[in-house]
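The two complexes that follow have subunit A in common; it is paired with subunit B in the first and with subunit C in the second.
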Partner chain A sequence: MWRVGLVFGAVAWFVSLAGLVEALHGRWVVDGVLSAGQVLLLAVLLASGWTAARRSSASLVGRLWAGLLAGATVGFCVGLLAWLRSLVDLRTMFVNASPALFQLLSGGRPARVAWAAAVAVGAGVGLAGAAGACAPARAVRPLLVGAAAALSLALFQELVLLVLQPEPLAPVRDWLFVAGGGPTAQGIAAVFAFSAALAALRQASRGRAGRVALPPRAQRVLWSVVGVLLLAALPIAGGPFVAQVLVIVGLYTLMGLGLNLEVGLAGLLDLGFVAFFAIGAYTVGLLTSVGEHGIAHWSFWAAVPVAVLVSLIAGVILGIPVLGIRGDYLAIATLGFGEIVRLLVLSDALRPWFGGSQGVLAIPKPVLAGFEFSGPQHLYYLTVVASAVVAYVAWRLQDSRLGRAWMAIREDEDVAEALGINLVSVKLLAYGLGAAFAGVGGAIFAVMVGSVFPHSFQLLISIQVLALIIVGGMGSIPGVIVGSAVLIGLPELLREFGEFRFLVYGAVLVAMMLLRPEGLLPAAAQRRELRAVEEEPVELARTPVGAATEGGA
Partner chain B sequence: MAILVTRRMTKRFGGLVAIRALDLEVEERAIHSVIGPNGAGKTTLFNCVTGFYRPDEGEIWFAGQRVDGLRPDEIAHLGIARTYQNIRLFANMTALENVLVGLHMHLRSTWVGAVLASPAVRREERWAHAEARRLLEFVGLAGRGDLLARNLPYGEQRKLELARALATRPKLLLLDEPTAGMNPAETAEMIQFIRRLRDELGITILLIEHHMRVVMTISDRVTVLDYGEKISEGTPEQVQNDPRVIEAYLGTRKVKAEALG
Partner chain C sequence: MAAGALRRPVARRLNFVDAFLWGFRLAVIVVVVWGTVGTLRLGRYTGEQWVDFVVFGLAQGGIYALIALGYTMVYGILRMINFAHGEVFMSGAYTAYFVAAPLAASGFLDRHPILSLLLLVAVAAAVSMGVAVLVERVAYRPLRRAPRLVPLITAIGASFFLQYAFRGLYGSGFKAYPEFQLFKGEWQILGIGVLRTQAVVLASAAVLMFALYQFVMRTKVGKAMRAVAEDKDAAALMGIDVDRIIVLTFAIGGAAAGAAGILYALVFKQVHFFMGFVPGIKAFTSAVLGGIGNIPGAMLGGLFLGVVESVGPALFLDGLGIVAPYQLKDVIAFTMLVMVLIFRPQGILGERLAAKRA
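Then we have the complex of A and B:
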């Protein structure tokens, strides 16, 4: 058990020395009492107790003891770090090992007292984690939901405050938040209690048979109406900053939908996907710019179809040389393509046309019937409509003859070919249509920024798009949207994470692969499958108990 | 009349001759078996006929047309379908989707039509789903359409592979060890099923099989390969009594027995 503790102790060291704890310490979860940094450490402790209890096959007392021991070990590790720091200056190696961090870890007490305190606190929290692991899921889930809601309130407090800005809402605001500070204790408690109660109620009603429910069709209509209203209201309630974040989420969604055709459906790994985004952006830039590189001074609406077409053709052109390449080699070849496009527009030889590193400037905002899409709040609606159209197209394609052929070549290219599928046309369509989707995103990006530079189209974007598909669920359209909201939207909103974005990315990706390799919202086929074998999960849920008793005996 | 003909067909892998100057004629509506010890070149023959491999020498003719050198999808369009020795389904697609892929070349809808959901496309999709269900029922997989192929039990995976091959509406069906891993009852059922394919659908069957009982029961004609060469051909009785065949199958053991004795 102490081994689990050591692993989580290492995690605690890592998040502390990487600076994550201190960065989060700047944000109150309960004003003046508990910071997000402390919550992070507590979460590590809880997780250690939970994992230790889960791994142990002993009796109830034994499992609780395992959790306590693991938590104490983590506490010991944290105390050890604080003690080490009193001996040597860790800062020469770890720039983030600041006095503030150790003030937080030791609570300002002398190292030895703090050490003992850390072990005691660790043991207690570890025990709580173990209790969570031993208790039935029905009891634990509402608590988790409540904690998640309370934490969201704390992490997104700027956002909530923005929404509560209007004067009539002032009483709610003052009740939930300390003026100029974090959430109040009563506010957090209320949010926790409310969400937990809601989750418990939902859970209780699910088991009951005769509950009142609308027919599925009406439910779907109701939810779509609520969804549309929510989408329309978001930027108005959230202001320009939120709208800006949502536009970026939308652009990644557009790219994600395109790459999803290639990777998720057709299984063609593409690491140079940003190239098509760039091509869409540059096409719109060159066609509409009123600056020196503008060639046509077209309107945005005339330029978009051309941008989509040019991206599509670029996708096909990329596709032709890599038709015969499979798997890992394909990833490398496409990686090269992405870089080629970026270096071409950056090159001095083509500077007269593409502006080199200066880029194409003075791209006017789109104007529709006298209305100018000037700020992010206007562009948001443009992005939402574009995403909706593209998602619809993707959805239609997925369930079509072509979509099935894509899946077939993903599963087994040779067999698909022996069933009469022309690999050349099917693959080129995947590259072309995927690229066209990204081209739509690029077109909006160009007018959003008002200029396009080669530096906006780094390899990193391709990687992020791939990551969001994996997190969302390969081949799943809702998965793309969720993935882009989680991987792109959240880090934008959580300013503390700015610095640690890629650390969190890595952690999230590893955790996803371990815990939920099929993604957050897996593709339709898997869901249908789950519904078809509905009886089985009941048996599965029983197994751990049986295994535990066997182990105990 | 022969539907499939190979003339002096040779396939080499580096220095190894997998098939040497093979002359084979498969009569229309026959059940024709290819047997031989492991490594005799049986599966290589299938791979050459379906276009996975291009023969180094010789010709392959199917239904009066030369097919060596054509791509696998072109050959599929001419009416050749196959199953695989180690089942190769689209594992992460449902059973129904597997069959729908088999119907691919009989559907006309384009991606533009699919996006616009034109009436013609919707009609065709309805027809395709009904047809796929009918095929699943035909092979005995009624009601299993929504399961992922990888979650089907072994026997049903074999059936699904057959349904998918039948969806292409082949004139010639190549079956690579269709009864491998089956118990006697399942084997008997498979024999019945193969007969039905020939008798009801008029499909010519070319079969690789190791179960001699199966081969001798259903074959109209048997070809025996050994080290890539045809060593015998004829009715099951003729082949069974051919000394060369007995030697190919038992020869090594005899030699060993003598050496040991």
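Then we have the complex of A and C:
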């Protein structure tokens, strides 16, 4: 079990030295008592105990002991790091090995005392983790929900404070938060207790007959009305910052819906997708700009259809050469195209047309009947309408003949062709329509920023869009929205997190594929199929793989 | 199921696709020929400059070739692109910086340059090896039987995770690699003045590639690796521990990439957390150029790509009157990548292999 401890010890080292702990240390979970950085370390300890207990096949006591041992090992590793630091200056190598970090790790005590304390705390928390693993899920789940709610209150405190801004709410605010600081102990405890109780109640009522429920149709109408009202009210309640974040989420949703046609439905992994976003943005920029690169001084509304058309054509043109390429090669080829587009636009050779690295400037905001969409709060509505239209189109496409043809080629190109599907036109439509969706996003992006330059269109964007589709669930439209809210919206709100978002994206991509390949909100077919794929080889694979893990961990 | 085998029936049915592809080919050929003629008529570059371009290209190509070995070996065995291989390359060079800097500060680097170089290569190779094995263990091994898209996505995830992990650990700035006094200036080789760093890089790359090739072709483990590449199940029946061979492949590919990282640092004199991305893509291009899964092919592909990329901007683009052609160096490399994937996915040397794997 000390092996599990060592693995998690390495994780603890990594999160400490990579700066995650210290970055999160700036945020109180309980003002003056517990910071988010400490919570992260505690979470690592808990996870070590939990994993050790899950892996052990011993009796209850044995499993608890395993968790304790694993936790103690992690604690030992953390102590070792603090002790090492007293010998050599780690900072020459690890930029984030700052004094503040070690202050946090050792609590300001001398190294040896701190080491002993770390082992003791580790053992305790590891034991708690093991207890969590041994206890029935019914007992643990409410606690997890409560902890998640309490943590959310701490992490999104700015947002909560913003909502609690009005004066009548001042008592609630003062009860929940220390003035100018983090949440109070009673506030966190209350949120924890309330959500845990709610979760427990829900769990208890589940499966019991006699719940009062509206007929499904009425329920749907009710939810849609609530959803629309919420969408309309969000930027007004949240102010320009929240509106800005929501606009960005909307833009990624647009791109996600487009890439979802390609990857999720047609199974064509496109890593150059950002090129179409860029093409949409540049088309609008060039057509509407009042600066030196503007060619037409059109209005935004006239430029958008052109931008969509240009993106669509670009999608088809870049799609033709890669028609015969599959899988991994397709991903790399499209990545190559995406980079070629970016490098060409960036180059001095095309500077007279695209403005090189400075890009196209002075793009006016859209004006509709004398009303200017100037701030993020106005652009938000534009984005929401565009996303809604595109989502509707995507939804109608999904169950159309074309959508089913896409899914057929995703499953097996050869069989699809044998069934009479014209691979060329079906694939080109996937590329073209996907690109057109991204073009809409690009058009809004151009007016949001007011200028377009190649630096905004890096491969990272394609990867982010891919990540959000995967997290949301490939081939699922609600999944795209959830994915972009989780992957794009949350990191924007969590500002100290900014530096680490790509680290987390990478980890999330790997973890999703390992643990939940169908995503958070999977499309029904995808779920069935990925489950089937997983379960099929289990008989053959489970035993040797499991044996290897035992030996190798 | 190779891509090439499928393209034919698709193309036969709809000729406009064929026509488009021919147009694409012709356009590239016209640009290349037109540019070359134009450049040669202008006569802006002397013979010596061309030689310099070629030597620089070879040195760079040697680095690509070393990285490409990792791609090609892993692809040969697992039929998957180890997207994170560029980051494996970066991790070794970046970590070895923290050995190189104190060595340079203490003067050891210039007193014992060869020893220091070997030490740095060893450190970088060890770190890259560790990272490669870790990636295999965490991101690939559990997914060996998953649909093909799944490991590709974890590979992309691992790539980004590694980039930003090293950014978090070592910081986001460029680190200036110390220079070896011994490798400054030029050597006269066969009457041609060659920058010493480039000569060293080329020689080291050649030695490493030769050693690797011998390892794969002559040793028992190398034979096991080739057997696993040929047929995993049959190899397992012959008593080969397939998992161990796969780990070994990742380890060797990683070590080669780490060594390449040091050579890269010698040439470009700086390291950065993002430095693995572009060389990684180019090394992948080299691997495909040479026929993926084919070790000598990867070496040739790397050298070829390095030379084309180094000579290309001057030769093809200058003659077209393009401003600042060197900015388009990567465009040439990426165009080659795309062209190879579209027109000859089996690579230059890959006929035999591709036919077998189709």
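Operating definition for what follows: the second predicted complex is superposed on the first by the 525 of 553 C-alpha atoms of A that agree within 3 Å, B and C clash if a C-alpha of one lies under 4 Å from a C-alpha of the other, contacts with A are read in each partner's own complex, and residues count from 1 in each chain.
The rule is simple: a contact is a pair of C-beta atoms (placed from the backbone, for glycine too) under 8 Å apart; a residue touches a chain by one contact, two chains touch by 3 or more.
Computed from a predicted structure; not experimentally measured.
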{"item": "Fit-or-clash call for subunit B and subunit C when the two complexes are aligned on subunit A", "value": "fit"}
{"item": "First (subunit B), second (subunit C), both or neither touched by A:Phe14", "value": "second"}
{"item": "Which superposed partner A:Leu423 touches (first subunit B, second subunit C, both, neither)", "value": "both"}
{"item": "Subunit A residues touched by each partner, larger count belonging to subunit B or subunit C", "value": "C"}
{"item": "Subunit B versus subunit C as contact partner of A:Val510, first or second or both or neither", "value": "second"}
{"item": "Which of subunit B and subunit C A:Glu372 touches, first, second, both or neither", "value": "neither"}
{"item": "First, second, both or neither for A:Glu292, with subunit B first and subunit C second", "value": "neither"}
{"item": "Partner chain in contact with A:Glu413 - subunit B first, subunit C second, else both or neither", "value": "second"}
{"item": "Once both complexes are placed on the shared chain, angle at subunit A toward subunit B and subunit C, C-alpha, multiple of 10 degrees", "value": "70"}
{"item": "Touching partner for A:Phe94 - first (subunit B), second (subunit C), both, neither", "value": "second"}
{"item": "First, second, both or neither for A:Asp174, with subunit B first and subunit C second", "value": "neither"}
{"item": "Touched partner set for A:Arg401, first subunit B, second subunit C, both or neither", "value": "first"}
{"item": "Smallest separation of CA atoms, subunit C relative to subunit B, angstrom", "value": "5"}
{"item": "Subunit B and subunit C footprints on subunit A, overlapping residues", "value": "414, 417, 422-423, 533"}
{"item": "Sites on subunit A touched by subunit B in the complex", "value": "393, 396-397, 399-405, 407-408, 410-412, 414-423, 429, 433, 525-526, 528-529, 531-533"}
{"item": "Complex contacts: residues of subunit A adjacent to subunit C", "value": "14, 17-20, 92-96, 267, 269, 271, 320-329, 331-333, 335-337, 339-340, 343-344, 346-349, 351, 413-414, 417, 422-424, 459, 463, 466-467, 470, 499-500, 502-503, 505-510, 513-514, 517, 530, 533-534, 537, 541, 545, 548, 552"}
{"item": "Subunit A contact footprint on subunit B (complex, rising order)", "value": "50-52, 71-73, 75-77, 81-82, 84, 88-94, 97, 100-102, 104-105, 107, 109-111, 114-115, 117, 121, 125, 128, 146-148, 151, 164, 167-168"}
{"item": "Subunit C residues touching subunit A - in the complex, by the definition given at the top", "value": "1, 3-4, 6-7, 9-11, 13-14, 17, 20-21, 24, 80-81, 98, 137-139, 141-154, 156-165, 167-171, 243, 277, 281, 284, 288, 322-325, 327-328, 330-331, 334-335, 337-338, 341-342, 345"}
